[in-house]
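Read through the structures below before going on.
Two complexes, one shared chain (subunit A), two partners (subunit B, subunit C).
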Partner chain A sequence: MLMRLDWDTVVYFFPKLLVKLPVTISIVLVATVFGLLLGFVLALAQLERVFVLRQVSKIAVSFLRGTPIIVQMFLIFFGLPLLLKAIGLDIDDLDKIWFIYLTYSINAAAFFSEILRSSIGAVPRAQWDAAEGSGLTRAQTYRRIVLPQSVAVALPATGMTITSLLQDTSLAFMLGIVDVVGQVKALGSITGRLLEGYIVAAFFFVLLSVLLERIFHKAEKKVTFRKKAT
Partner chain B sequence: MTFDLSFLGTALLAAANKIPTTLALALIPLVLGTVIGLPLALVRFYRVPVLGQGIQGAVTLIKGIPVVLMLFVFYVISGKAFDPFMQFLGLPFTFRDFPKSIIAIAALTIYASAALSEAFRGALAAVNPSQFDTGAAAGLTQAQTLGRIVLPQALPVSLPMVSNITTALIKAAAMASLVSVVDVMNAAVISANGNYRYLEAYAAAALIYWGLCFSLEKAFSVGEKVLTRRMRSVA
Partner chain C sequence: MSHDAILEVRGLHKSFGKKPVLTGIDLAVEPGETVALLGPSGSGKTTLLRCLNFLECADAGTLRIENQSVDLRQAHKKEILALRRRTAMVFQNYDLFLNKTVLQNVTEGLIVARKAPKEEAIVTAKQVLEQVGLADRLDARPHELSGGQQQRVGIARALAINPAVLLFDEPTSALDPEKVQEILDLIRAVADTGMTLIIVTHEMAFAYEVAHRVVFMEGGEIVEQGTPQQVFGAPKQERTAQFLARFTEGKTPEYFI
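Our next item is the complex of A and B:
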């Protein structure tokens, strides 16, 4: 059999994958929001040298950065129900997308915590002293003085982390999630054509990556401009 | 069903046997990616017209495509093309005989080339431009300046990025199990196929990947210190 790309199939796949784009985007959005929140907590535990939590945070970050996300996904998928059953909670009927949201949020948190830690560390010591001298509490110092300054430093790496988060969502189909890639698999078994589906899926991923890059490039410009103006 | 520690041991042993496979899946692309990525970085660094823009476009494209998709595309293409090609050559091989690890190495090499070219370009840009003029003033050719002055300074700068790319490759190599390569992850999962103790199997795989990434990161940070110190002592 001679192999050739069937362009009619490419056209057939296009709208069918387009409607699954929200699933992919929702994983990225959920993981970004909760990853940033949890990542900030993990970073704080290390920055503020909180007893025991600091070590826990360090080990968790090292583990999450040092193991493949597919492995983390299955650890949560098989481990969490077992853990919750021990305290009498049954989650057998829970939609699998929640396992995905959890895995990607925790995974992203590890990468965000490293970014936040180093960008907060990049704020000069004198800023802390000045804030303390002005009578600001520690929490106020973080919110009004330190975090606004660290945003500019953290932005490029944050953009890169979100982009690789987007790439990682392509593994969610392993739990049977029908995102863009899951849809290719499902339609592939009906039509017998996978290659065209993968190509259309790749197109959507490239499009979203470029879009993300543009957004962060613009944001960076805005932030550095504001810094110069003050 | 509880966590079975003794089976964790069994799975660890089964998975540890395949550490060489996972290392090969990650390190061969790392070496090939360096060989391919460095010239690409130089072309972009010197802003070679047309070629530079072409490479930039290709890098953006490759970095936008998830590695799994690249892997699947190669798998489908080689699956369809291998048998007719072998028939054409008159050889008695079928796709079943084709080592699938080649597919994974090819996909990871493409990914590594793009990522490493970015790392090297960044490191080259970090070298003080006056070094080029100094080299020229000392009567060195452009190639000599690059080889003896610029690259030795750029190398230590690129190491943290190369370290990140290496651990990313180790983790990405786990996807090779999706095209039925028996690596650390697949060996762990296969060991659980009889008793369905997949949690222990994945925990075993996680421990091995963690150990691998941790040791590689440490090795790179030692290497970076040694190289930076040597650069200082020369200067």
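Our next item is the complex of A and C:
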């Protein structure tokens, strides 16, 4: 049976999805912050050739980039409690959203680590020489010379990664998370109308993506200290 | 072994992989001396200079700067940092910090590496920038400056930390001929202040006029050294004479009285 698109339902769904927007945004924010932190550690382990950690980092990154996020999600959701039980930790009462936060954070970390590794590598060797030759320690060189310069290189790819992270949150409903997409499913089963829900969801996703794009475009302009190659 | 030398290297060896680049360098530099390192490309001059600043880690040998000496084979991070802070390097391609202004380029080593108070560092930085003639470009970024100006900042950055030894790695090789003279004049002025300088250069006339001592290197070792008059006027080694021939032949005789 073909149903007509009902605009009244679209309007009716709008506020109901709007209130779930914070859930979607929180996944993106948490994954971005912890993904960047963990990603930096993974990148450093490789750049600084840290004993053993370097190999661990490489393997972790290629595993996380080589498997779908949905597989990672279920591996963590079913596997982590078992693993923790083995060492006597019970997390059965833990809210599901934490599994989502964890999955998306480590998934994002893999992508961020690759971005950071390559953008740090893009800073000319001579900048290291000049900094270390001026008596700066390695940590000072990273903090004051290399990282500020690599930010400009890393920003565009970081923006893209966060945008695709946003799109990936649409899989979180599979654990029963009621984010924007989860809410579409829930409303769909109550009212029998899915298309209207997805239209509203699409609107929110586009809105957030455009917003992200804007923010990163502005940020790029701000941190570019070199003449643009034309 | 001379004890009044401000910098002394003994038996320095360095290989890149299996290729030996420096094979037993001994060099002592007196305080206030300007030493020019000459030699063909690939002779190891730049590598030697970079070893003195630990931008390359030598495989063997000892290095002493002022009263601190270290066995290069087993130098600790702390020793390296401490020794490194006694020298400053001026690079062929200037290598200013691209994310910093002219003033910040000069204060960076003072404030961050040597923990100088910020106000004091700024005063010092302004002073040396005045000395190199860039007092009016304090807030410029490296990409806004010409090559000659960038190298002036590079020299100011090195001067600011008042190093025991100032190292120059082909400081004029990337400049156009007009700017070369400008920078050479500046380096000469620095040498005249009594600072200790080691300069890797292909500017023979400059080496002849400014250096107190000329060191000719080839194949990873020091072939010959002496005053410019000795080395240019009456080289003892065949190879030195050969290398310098093009320069010495073209010169007016008054140089060689």
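Convention: the second predicted complex is superposed on the first by the 222 of 230 C-alpha atoms of A that agree within 3 Å, B and C clash if a C-alpha of one lies under 4 Å from a C-alpha of the other, contacts with A are read in each partner's own complex, and residues count from 1 in each chain.
Just so we're on the same page, a contact is a pair of C-beta atoms (placed from the backbone, for glycine too) under 8 Å apart; a residue touches a chain by one contact, two chains touch by 3 or more.
Just so it is clear, the model here is predicted, and its values are computed rather than measured.
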> After superposition on the shared chain, which partner residues are touched by A:Val181: those of subunit B (first), subunit C (second), both, or neither?
Replying inline: first
> Does the superposition put A:Arg144 against subunit B (first), subunit C (second), both, or neither?
Replying inline: second
>> Under the stated touch criterion, which partner chain does A:Leu75 make contact with: subunit B (first), subunit C (second), both, or neither?
In response: first
> Now for A:Gly192: first (subunit B), second (subunit C), both, or neither, which partner does it touch?
Replying inline: neither
>> Taking the superposition on A as described, I'd like to know which of subunit B and subunit C A:Gly135 touches: first, second, both or neither.
In response: second
> In the superposed arrangement, does A:Pro15 touch subunit B (first), subunit C (second), both or neither?
Replying inline: neither
>> In the superposed model, which partner reaches more residues of subunit A, subunit B or subunit C?
In response: B
>> By the touch definition at the top of the document, which applies to A:Gly88: first (subunit B), second (subunit C), both, or neither?
In response: neither
> Between subunit B (first) and subunit C (second), which does A:Ala126 come into contact with in this model arrangement: first, second, both, or neither?
Replying inline: second
> Residues of subunit B touching subunit A in their complex?
Replying inline: 1-3, 60-61, 63-70, 72-73, 76-77, 80-81, 84, 167, 171-172, 174-175, 185, 198-199, 202-203, 205-206, 209-210, 212-214, 217
> Which of the residues in subunit A end up touching subunit C in this complex?
Replying inline: 124, 126-127, 129-137, 140, 144-145, 148-149, 225-227
> Which of the residues in subunit A end up touching subunit B in this complex?
Replying inline: 1-3, 62-63, 65-72, 74-75, 78-79, 82, 163, 167-168, 170-171, 181, 194-195, 198-199, 201-202, 205-210, 213
> Any idea which subunit C residues touch subunit A in the complex?
Replying inline: 53-55, 81, 84-85, 88-89, 91, 93, 95-100, 108-109, 112-114, 141, 143, 157, 161
